[in-house]
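In the part that follows, the structures are each spelled out as structure tokens.
Here come two complexes built around chain A, the first alongside chain B, the second alongside chain C.
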Partner chain A sequence: MAAFIVRRALWALLVIWAVSLITFSLSHIVPADPAAFAAGLGATKSQIESIREEMGLNRPLVVQYVDYASGIARLDLGDSIRTRHSVMDDVRKFLPATLELIVVSFLIYLLLSCLFGLLAALNPRSAIDLLVRITVISGSAIPVFWLAIVLQLVFYSQLGWLPIGGRIGVHDSPPPSVTGFYTIDSLLDGDLGLFKTVAVHLILPVTTIVLSLLAVGTRLVRATVLEELQKPYVRVAASKGLSERRVLFVHVVRNTLNPIITVTSIQLAYLFAWTILVEAVFSWPGIGLYAYNSFQAVDYNPIMALAILLSVAFVLINLVTDILYPLIDPRIKRS
Partner chain B sequence: MVNHDGISDSFDRALARSASRRFLLRSGMALGGLAAAAPLAARASGVSSGLTPSASTQDDVAWAEAPVQFVWVDTAEPTSIDPALVQDTSSFSVTRNIYEPLVEIDPSKLELIPALATEYSASEDGKTYTFKLREGVTFHSGNAFTGDDVKETITRLQAINQGPAFLVANVTDVTVVDPLTVTITTKDPDPFLPAHLVKIGIVSAQTIAANPDDDGNARSWFAENADGTGPYKLDSYERGTKISLSKNESWWRGWEPGSIDEVSFLWATETSTRVQMLEQGEADLIGWTPPTEAQRVGSSDGFSLVPWSTFDTDPAIYINTQKAPTDNLSFRKALAAAFDYQAFVDYNQGYATTPTGPVPPDFPNGAQDLTPFAQDLDAAQQHLTESGIDPSSVELDFVVPSGYASFSFAATVLQESASQLGITINISEMPWAQMLELYKNPPEAANFTAFAQSPFGLDPIQFVSQFYVTGAVYNMAAYNNPDLDAKVAQAAITIDETERASILADVQHTVVNDAVNIWACRPQTLDAVPNHVKGYVMDPTDYRWATKFYLIRIAQH
Partner chain C sequence: MTAAEQSAPALNTPAVSKRSRSAIGSLRKRPMLVVSGLLAIVLLIAAVFPSLFSDQPTTGLFMRQALESPSWHHPFGTDEAGRDVFSRVIHGIRYSLGMALAIVAIGAVVGTLFGAVSGIAGGRVDELMMRVVDIFLAFPTFVLAMAVAAAAGRGMKSVVIALSIIWWPSYARMIRGMVLGIKENVWVESARSVGATTPRIIFRHILPFTSSQLNVRVTVDIGYALVAVTSLSFIGLGAQKPTPEWGLLIADGRQYVTSAWWYPIFPGIAIYVSTLIFSLLGDAIAERSSSVHR
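Presenting the complex of A and B:
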């Protein structure tokens, strides 16, 4: 196992290096002048030059890349022209908000997928199956930004039940930062009132994400469980007198886990890329909103850093998935 | 203008207090210079006499009781809160409330009024200004305000050379004569120096010195903290989430009942989010409301629709003068004459007028004898014939900076108007930063692009020079006219008001005659203002945006 992890880690470094080279080349091939953009209206040429020099954009591309690549090795991803902070600071600042949103959404997504998938599989072609199918498919058929705006209109403007966006209320202060997850930090601070506020602010963005993902998970669980239920070992187990519950949860569910992990892990990785839309609509101060604003300003360093971050996320998620496979299915370990 | 009584009222009260300290100009030169911005003699005498009537108009309002909280939801987080770096509207909304300049603009009257300077005078040659500073003013840190702060602010600005530094590019020396007197010397005579200083918020010299970093300019400190003399002090800045300002209780102008004690700045990129927060009463005011939404919300219960007149041309279509076939003057004139100006007035649902040229006639030194453009297809056809260009033989391209509805509409209107002359125009979109790169080589750039022209301050020279002088960054028409360049340079150092106005009128006629732009529209900016928000005023010389929160008073609601 250790050798496997080391091998994968070396591959991961290679992937990250390749991504850094590709994103650097791509972002610098696009003809753009971020310095002039950052200087704003009214700026003189001397001011634009001053920004260009400060950001090192006046140096040859090769020098810029070598500087950038050596920076990555030191975990220094350069500075953002737009925010005027170091990109690492920005990532540290904004990543926890995104992680919190994604982790909470994904856990709820997995739970609901299994629940609805099982319900549908155990009652195929019933009214429950139909209802689950209609609900989850319509959720994922609606464009995510539109779904988000409709949820805001209904639950904020019309009903007034839920906040429209942000992580906390207008007049709240964030909890002392320990993990960057406001849910955990507010509990660590013993502030239950703030925890409730944080939880309430999570509802709409989490609902948006869960509804968008739900069709895939539910359909997958339904299909794989149905397929497993047809297999001879289920009949054998039943004929041995095992209870239906034991057959289902100990044998069937375990055998359905591998395809589900494969698909949902890919979904999780992609989720990092498209939370941008959810964050923009819900003014969620995460890495997605940061990316959105950076793209608008052709802010090279954050864009490259985010590409690298995304590839790290993909690599890590794949690594965890690969480690999980043999734990769940001993046949993979043997092979 | 709706709500105008409220607007002038609170500003006038503030003004009345300042005016009582007398804001004097002691030299004919300075009078000439500033009269370009607005008639100063009238202003100096009118300040006290014109205030009394309106000052009483809101005495019957029941004001909200302290602590008055106010929520401002902007379109984007400030790029910086360092006054030496800011050059965007979301940042101004914060810094204009924390830092104060020597001289200020009264946005409702477009006049210069005293701020940290109580009076100033200029030398005969127009190169040296002497400012008398206000006594007893302290920074939020408790440091006393003196001439050293003025000197260090300008020195720091020039050293960093970003943001508003271009406004003091002409300054060669700042001398502290005594703690409450400074002289500012410029390389060339600069009749608009006071108008430029309006945009320069004074920072504390002691704070700069106390927070040294790599370059000695305390940039790290000013990125997260603030120390100004203004009405509000920075309470907290939670990046990505919120900025909180609280009232500077010992502010030299003093406060009125109902004035805001705490301002929370939030940011929502999505327009619908901002509008819903305004409608639900969670936001007291929001940044940039699309006109249709402003009209809808503004006409609903509890809101007023406030149309602000601006000096903006939005959009101005830049015709590339260095690329065929738009390098042909008659061809450009044909397009300008064919353009459907009325389409833009309709687009803005009547809240707009058609421009007369690059500088509106009500802006300082705006030419008075130009008439609003109008579509004239016969004239257009005649110009096209004179150009000698066969319309069917050419295809033109229009590159729109992406994300701006009015710019895209300009391209569509021009495409439609030109098609009536048989001219084909292809439209594409491009991000702004890429546009700036594309236009570095004009013959390879597009035939047309569009963006807004908005004045930054009351200086007409700066207003025209950034768009029409050869090599200027935003001269997207790639206009190259050495004669015009010389005239602009001459106007910039001409102290005599009448002479300068005449030179600048000539400049405006020239760019109109050369059809450098199609000045499509002068829209009003529409705001939906909750009825409990009194005294809100938009500054049309600050890229029509920044809000000075000390002017606002909140009625009980």
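Presenting the complex of A and C:
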């Protein structure tokens, strides 16, 4: 077990190193002349030269890379030209909003995909099974940013039920920061009115993310449960006289957890990309909107930094999943 | 040569009539394959000859008809410059679908070659090549694509480069897995024993057997690539104004979400329908090839 963890951890380090190589070549080699780019249009030759000196671009590439990599190791990811803050400060500022969006979406997604998947598996060829299969086919074909716009159009423009975007209304002030999650902070502050505002603002972005993930999750739960139900142990458990509910929730569900965790951790990768699109549409003031604004302003440092940070986060999540497997499913320990 | 040409029609006549009869039969037997296949062909024709489907101008200023709601004359309404949205969506096919096709083609070719070489080589080389693939599959690739597209500068070329870089590894892994199985067959052994070169073995004796699965994968992937391409264009990394690329159309139309719903909606429906067509076609091809093998 220890050897396994060490091996996975070394692999995670290797992946992060590869990511740093890629972002380094993207920021130092791919742009024809980073110095000329940083100097902007209409800069004179001597200006570009002094910027090159200042940025250390006339040193050998290896030296530049070592400098770059040690910066990453110290979590020094450079400054944003647009916000004039260090990228890490910006990330710290915008991270809670994104985390709140992701955590709420993910909890609802897990709950709903298990619910719909189970219902579809237990009632094959019923209306709900058909519905699940139709959403599965169409779900992956809908671009997530467009789905977000459609929801805005229906629930804001046409019906006027929900706000068009943002975390709170223009005239609301955020709750005193404890966790950074407005839902929790507003409750801690005892401000139920604000909690309601926060929850209402969460509905559309969360719905977008849940709908875009739901197809895959539901199909997976449905397929896994159907497969498990065929296995001998289910018949044994049933013939022992255990109730259907006990067989299902104690025996079957436990065995379906593993594939669900695998696929879910892969879906996190999509989630990172989709939060950028979803936050951009709903002006959700998180990391995604920060990235989107950086794209618009051609501000490279935050983009490269986010590519690294998201990769590290993803690799760490996978590492944790790998370690969790044997705890959830003892059969894996032997192999 | 001339003899062959003369005899060809005579030989072909019965074959053609047989084929046309089987086409009607296959429509009845596999409606999904025929319908989605035809729709895909229509899309490709519209990509090459958009003016066949719409004769309205896609550029220029027609301010007196700006943001008109859908009508007989403008089925998808008009945009902020009074241009016909239907016409712009039709002319956008070649950009959006074109990029998607390019990405899948590059990804499939590079991935197939990489996977085939890795599978044939075996041992240390295989191990090393697959580790490279694993690294690519081990982090959020779409975020990487955004970074690549940003660094390479805005434009459709950057989008194609960025997405091709993240697209090939999954093909490499799939093909390598299939090659490992196929290369154990007798005919590969016999080809090698009569002195066939490795490239010849790869191209003549191994890769043909991967084609049915590869076809399915490529077809379905065109739809996914389309969504990826339009996503990058939506955040401003891909096509630039006034190109009528679908992602860009939605980004422009988003500003009128409260006043002109048709502007962001129809390009999105175009993405959705196209993706659906290719994903249904892929399913239908998979179904057909699995029943043929049986």
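Criterion: the second predicted complex is superposed on the first by the 271 of 335 C-alpha atoms of A that agree within 3 Å, B and C clash if a C-alpha of one lies under 4 Å from a C-alpha of the other, contacts with A are read in each partner's own complex, and residues count from 1 in each chain.
Everything below uses one rule, namely that contacts are C-beta pairs under 8 Å (C-beta built on N, C-alpha and C of every residue); 3 or more make two chains touch, one makes a residue touch a chain.
Source: prediction; values computed, not measured.
Of the two partner chains placed by superposition, chain B and chain C are both touched by A:296. When the two complexes are overlaid on their common chain A, residue A:96 makes contact with neither chain B nor chain C. Once the two complexes are laid over each other on the shared chain, residue contacts for A:166 go to chain B alone; chain C is not touched.
Within the superposed three-chain model, A:283 lies in touch with chain B and out of touch with chain C [touch as defined at top]. When the shared chain is aligned, chain B and chain C each come close enough to touch A:149. Of the two partner chains placed by the overlay, neither chain B nor chain C lies in contact with A:71. Within the superposed three-chain model, A:139 lies out of touch with both chain B and chain C [touch as defined at top].
In the superposed pair of complexes, A:157 makes contact with chain B and with chain C alike. In the superposition on chain A, A:48 makes contact with chain B only, while chain C stays out of contact range. Counting contacts by the rule stated earlier, residues 30-31, 149, 152-153, 156-157, 164, 280-281, 292, 296, 298 of chain A appear in both its interface with chain B and its interface with chain C. If you check the complex, the residues on chain C that touch chain A are 135, 138-144, 146-148, 150-153, 223-224, 227, 230-231, 234-237, 247, 250, 254, 257-258, 261, 264-265, 268, 271-272, 275-276, 279-280.
Across the complex, chain A meets chain C through its residues 11, 14-15, 18-19, 22-23, 26-27, 30-31, 137-138, 140-146, 149-150, 152-153, 156-158, 164, 268-270, 272-273, 276-277, 280-281, 291-292, 295-296, 298, 300, 303-304, 306-307, 310-311, 314-315, 318.
If you check the complex, the residues on chain A that touch chain B are 30-34, 36-48, 50-51, 82-85, 93-94, 97, 149, 152-153, 156-157, 160, 164-168, 170-171, 173-174, 280-283, 285, 289-290, 292-293, 296-298.
Residues 69, 71, 76, 79-80, 85, 87-88, 160-166, 169, 223, 236, 238-242, 264, 266-270, 272-273, 276-277, 279-280, 282, 403, 431-434, 436-438, 440, 454, 456, 462, 466, 471, 473-474, 543 of chain B are the ones touching chain A in the complex.
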